[in-house]
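Here come two complexes built around subunit A, the first alongside subunit B, the second alongside subunit C.
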Partner chain A sequence: MAGSTFATGRRTLARLLAPLLCLALAGCASTPLRGTGDLGVVIERASGSVQIVDNSHAQSLARVQGLGDLSHASVVFSRDARYAYVFGRDGAISKVDLLAARLVKRVEQASNSIGGAISSDGRVIAAQNYSPGGVKLFDADNLQLLSSVSTAAFGGGESKVVGLADMPGNRFAFALYDSGEIWLLDASTPSAPKVQRFEHIGKQPYDGLASSDGRYFIAGLYGEDGLALFDSWHADAGVRRILAGYGRGRQALPVYKMPHLRGWSIAGDYAFLPAIGQHEVLVADNRSWAQVATVPVLGQPVFVMAEPGGRRVWVNFAFPDNDKVQVIDVPTRQVIKTLQPGRAILHMEFTPRGDAVWLSSRDDNKLLVIDTATLTVRRTLPALEPSGIFFSSRASRMGM
Partner chain B sequence: MAGSTFATGRRTLARLLAPLLCLALAGCASTPLRGTGDLGVVIERASGSVQIVDNSHAQSLARVQGLGDLSHASVVFSRDARYAYVFGRDGAISKVDLLAARLVKRVEQASNSIGGAISSDGRVIAAQNYSPGGVKLFDADNLQLLSSVSTAAFGGGESKVVGLADMPGNRFAFALYDSGEIWLLDASTPSAPKVQRFEHIGKQPYDGLASSDGRYFIAGLYGEDGLALFDSWHADAGVRRILAGYGRGRQALPVYKMPHLRGWSIAGDYAFLPAIGQHEVLVADNRSWAQVATVPVLGQPVFVMAEPGGRRVWVNFAFPDNDKVQVIDVPTRQVIKTLQPGRAILHMEFTPRGDAVWLSSRDDNKLLVIDTATLTVRRTLPALEPSGIFFSSRASRMGM
Partner chain C sequence: MDSGPVRRGLWLLVLLAASFCQQAAAAPPAEPRAGELLQLLHKDCGACHGLSLKGGLGSPLTPQALAGKPADSLVATILNGRPGTPMPPWRPFLSEEEAQWLVQLLQQGGAR
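Coming up: the complex of A and B.
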């Protein structure tokens, strides 16, 4: 059942009565008017639900249920920041109305999927699929299928698609796990998208990320060391290898969890990224991509996320250290704080201008709102095995 | 009269009737629910009004009147992107509800002012004043005065304040025109803000800007060449001079309009900035601040604004070339297009992910929505002598 509101803040008599009176009137909102710039969605992985939250007042607004298998899920937002598109592990896309707190539409579009993106004009949703592979494009308004892009190799099956990210000009970049390619898809005419292929970019790309200006696309490689860098301003130059020492190939260390590539950050002039299988955060120059330093941390890093101002970088960890979070001071590259906020800290999301960071503690069934100035817990909120946290300010960002 | 709606899009019978029925019900919205991530405000300078616009559908939604002297005006947005705070030339702050299309409150807080900012937590509005000088802090909810920060020199009058910008941690940076200083104001406790002063930064700073991560503050100098750079990560190192050749001191060229410093852009690894009094855009390395190139343009540049993806830079001009706009390709640093969209093009605003740019043509009383992919006019909208255009996605940005 979608849309049960369980926390609404201040109530006046008028506000309690108004919804009852309004429900009968088509076109009349039963919810008071509110802005959508400070809303967010929290994935509740075990229950197939999301919580809608308000990051100005650090409160939960509602729970929306019926979203299916959210054991891996990601979220993008409509251009007006009213709707969240939730991509579930089961290949479904769920469109959630954040104002009315209800599931507007749900489309089962693949049997196994790990995410998607929204075009720069906000009109097209792209889903990247594992099984079957390929990319599908949908109308963002009604989730009607606009086209399917096959990733089948000559005579082979569809390649799994990973790392899909939006680029300027209604384009999407993504990597093909099985065939070792990066594709740039132009969805300006979404019923007839055009593909530019870059082959032999490396073995088994397993994830990808775009730079925040949408210029670069970087794919991580599972089958060999290093990363594949594509510069969309110089597409003719093809794809080149960077950070040759980065990967899992060289080291025999057990890897408890392959870090998401999206857990990278640019802070100041440097990229901070999780070393794979090692207790280190790597620091690379964001122009040359040469590694310039390592920062020792207490476990295997998963997400390495810079505050919006870039002054500090927050790190969470793989099991067995996933109850801790460390904070790195960027100028000195030193850990300045270790927090132990709860069991199984799976994700972190900063408020748009960085006054707070929200953490999800899956095994303690709670969200923590931490004040970034004092590094203290400002509030905890109950949640059902929360994982990803996504704020609506992402609506105006590229490379999501 | 505030709030007259003159364009609402599709109308249904229910939607026409609903407001009439709803008006009697406190707490029940007379406007349909809508997201606020794609709204904007256009200053109509001669009539003291603003237009509320929708940048997804390129349409006007409403006009709000009664905002006073908007011959120079700037706008910031509430954290939830529902409200716009308009700073007028006459020292007034007007809080406009974008959903209800009405003026919520108007405070006359100085006799001459040129702008303000909102704190990183969204709770404090800071106004920078010319006459009398100083900075005032207001509660963002109700516009109650929280404190006044005097900029009076020992035995002298209040210094004019320029370039005020928000920095992370509820801080504001600004420059003092008369005493040649940069101040960093910590408004974490807005009733008792703390000031850090940097003296002797250069003669007559006339404007300032913050970097998009809120780390740097740069002041332009009217009384001498060069710019003053403050690095908030290394405040102890004080303020240093950059781009020594930048300014109006060396050249005897007439300057038709001092460019706004906020008309700078970072695109790729470079800053693009308007040369003062010359028909050039300057290109500087954004790490070393060394000038690396100039791009010849057809007139004296005013705003030099990068598309959100940084791939191209758009330039408008001072009189007599203010009917033209040029587009620079960033990798080749060449002008690739000259547009002549209307008389007196005063401002440009990109949609958050850059699919369009809106231009204001004051003397043709129109707005132009230009498709950045095709460089053609997608739509024109009537407006009363429009100047500044501000989209609500600014709510989640720093250094505004």
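Coming up: the complex of A and C.
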């Protein structure tokens, strides 16, 4: 059963009326109406639970339990922003009602999964899997399986799927780690999806992102210096290499955690992307995709995230530098602040318009709410080994 | 000429001796280091191999997945990494004895 506790000012009233209400209205919702636009989900990776949080008042509202192995879990939202779909590492998809703070449905769909996306019409959930590799499509309402796309279908062994992102027209783009491909999946008929393959896009794509206008899909490459760019407006032109040779023959430094890519790394005219094996953030012009600068940072970047307004870019790091966060000023492309907010900072999430950023500190069991204007901590909240933080404002953004 | 039984007997001896030596070499580190290493294993190795070590972008590290793999080569992989793959060298953070202990735990299924 999904446990939940709303800690609100309704307690006094509830205490007075509880005996009566229990008898008369058992099971009936007495919660006042509210919206979901400022709600979010925090993954508590080790305990298989999520917290439902309110980012207007920087408070936790409830905990929902029973979601399984949530290491490396990620979340997408229904387009009414009421439901969160949580993709667990154990291959389960859990649909959580943010308002009722309740686990609505949980399906186990693979043995090893890494994330998912929601279609542009909001009707289809796509899950990307490592084992068995492939993509499965589900009905967003009831999580019924609609179809499976095997990445082994074309021979050469099944490939792990990385970087799954939604694209306009009920399409999804993703990369194949083992076979070095990008696939474009047209799910406009979700029971019979169509695949367009792009081969030889580069060695070991480890993650991908769709630009926030849904035009571009970019896969980061582990196996070579550079990224692979797919322009969906010119699909016939195929996939081309960008930022090639950014390491320029320098010795690659060890990578103790793979970076993560998502559409947030594009700020104004530039894309800010993590280098692999170099302690740098790469800056590319987001029309020509030519490299315009590198920003030296203190470690291997993991998340490189632009504030919603695009003025600053926040970076966290792989082990052993995962207790630090750096803030890059976009116009000058300089690090302007190094924060040391807690041990194992795994994730960062901006409030919808960027007045604050929430950080998760796994090893200090806390969340930090940082004021982006003053770069000071507004509040800390307890959490059980928190990892990902996902705000419902993602519901209306492509590539999220 | 069939020297099979003799050979098998010798092998058994060698294996026994080897496993004995290995166990002796891989004594658990003193606390709090042992706890730190287990945290490292699940949280940092787990970043690629999965929190429950059932695999991710990295291969699974379950006893079944590691069965039959020589402990020495697993220890070398941990310490030196595997060129051409994302597996990095962990030597800056682990001694050889500590890597041996972790391999033993992983192969025996005692890493949880």
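The working rule: the second predicted complex is superposed on the first by the 364 of 400 C-alpha atoms of A that agree within 3 Å, B and C clash if a C-alpha of one lies under 4 Å from a C-alpha of the other, contacts with A are read in each partner's own complex, and residues count from 1 in each chain.
Throughout what follows, contacts are C-beta pairs under 8 Å (C-beta built on N, C-alpha and C of every residue); 3 or more make two chains touch, one makes a residue touch a chain.
Nothing here was measured: the structure is a model prediction, and the numbers come from that model.
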### Message
Applying the document's definition of touch, where does A:Gly310 land relative to subunit B and subunit C: first, second, both, or neither?
### Response
first
### Query
Which partner does A:Asn129 reach: the first (subunit B), the second (subunit C), both, or neither?
neither
### Message
By the touch definition at the top of the document, which applies to A:Ser94: first (subunit B), second (subunit C), both, or neither?
### Response
neither
### Query
On subunit A, which partner's contacts cover more residues, subunit B's or subunit C's?
B
### Message
Which partner chains sit in contact with A:Gln291 here, subunit B, subunit C, both or neither? Use first/second/both/neither.
### Response
neither
### Task
Check whether A:Tyr222 is in contact with subunit B, with subunit C, with both or with neither, and answer first, second, both or neither.
second
### Task
Report for A:Lys160: first if it touches subunit B alone, second if subunit C alone, otherwise both or neither.
second
### Message
Looking at A:Gln326, would you say it contacts subunit B, subunit C, both, or neither? Reply first, second, both or neither.
### Response
neither
### Message
Between subunit B and subunit C, whom does A:Ala81 touch in the aligned arrangement: first, second, both, or neither?
### Response
first
#### Entry: subunit A residues touching subunit C - in the complex, by the definition given at the top
45-46, 69, 71-72, 89-90, 111-112, 114, 130-131, 160, 162, 177, 204, 206, 222, 254-258, 319-320, 344, 362-363
### Query
In their shared complex, at which residues does subunit B touch subunit A?
12, 14-15, 17-19, 21-22, 25-39, 56, 77-83, 98-100, 120-122, 166-170, 188, 213-215, 233-234, 268-269, 287, 307-311, 330-331, 352-355, 373, 392-393, 395-398
### Task
Using the touch definition up top, name the residues of subunit C that touch subunit A in the complex.
43-44, 46-48, 50-52, 54-57, 81, 86, 88-89, 93
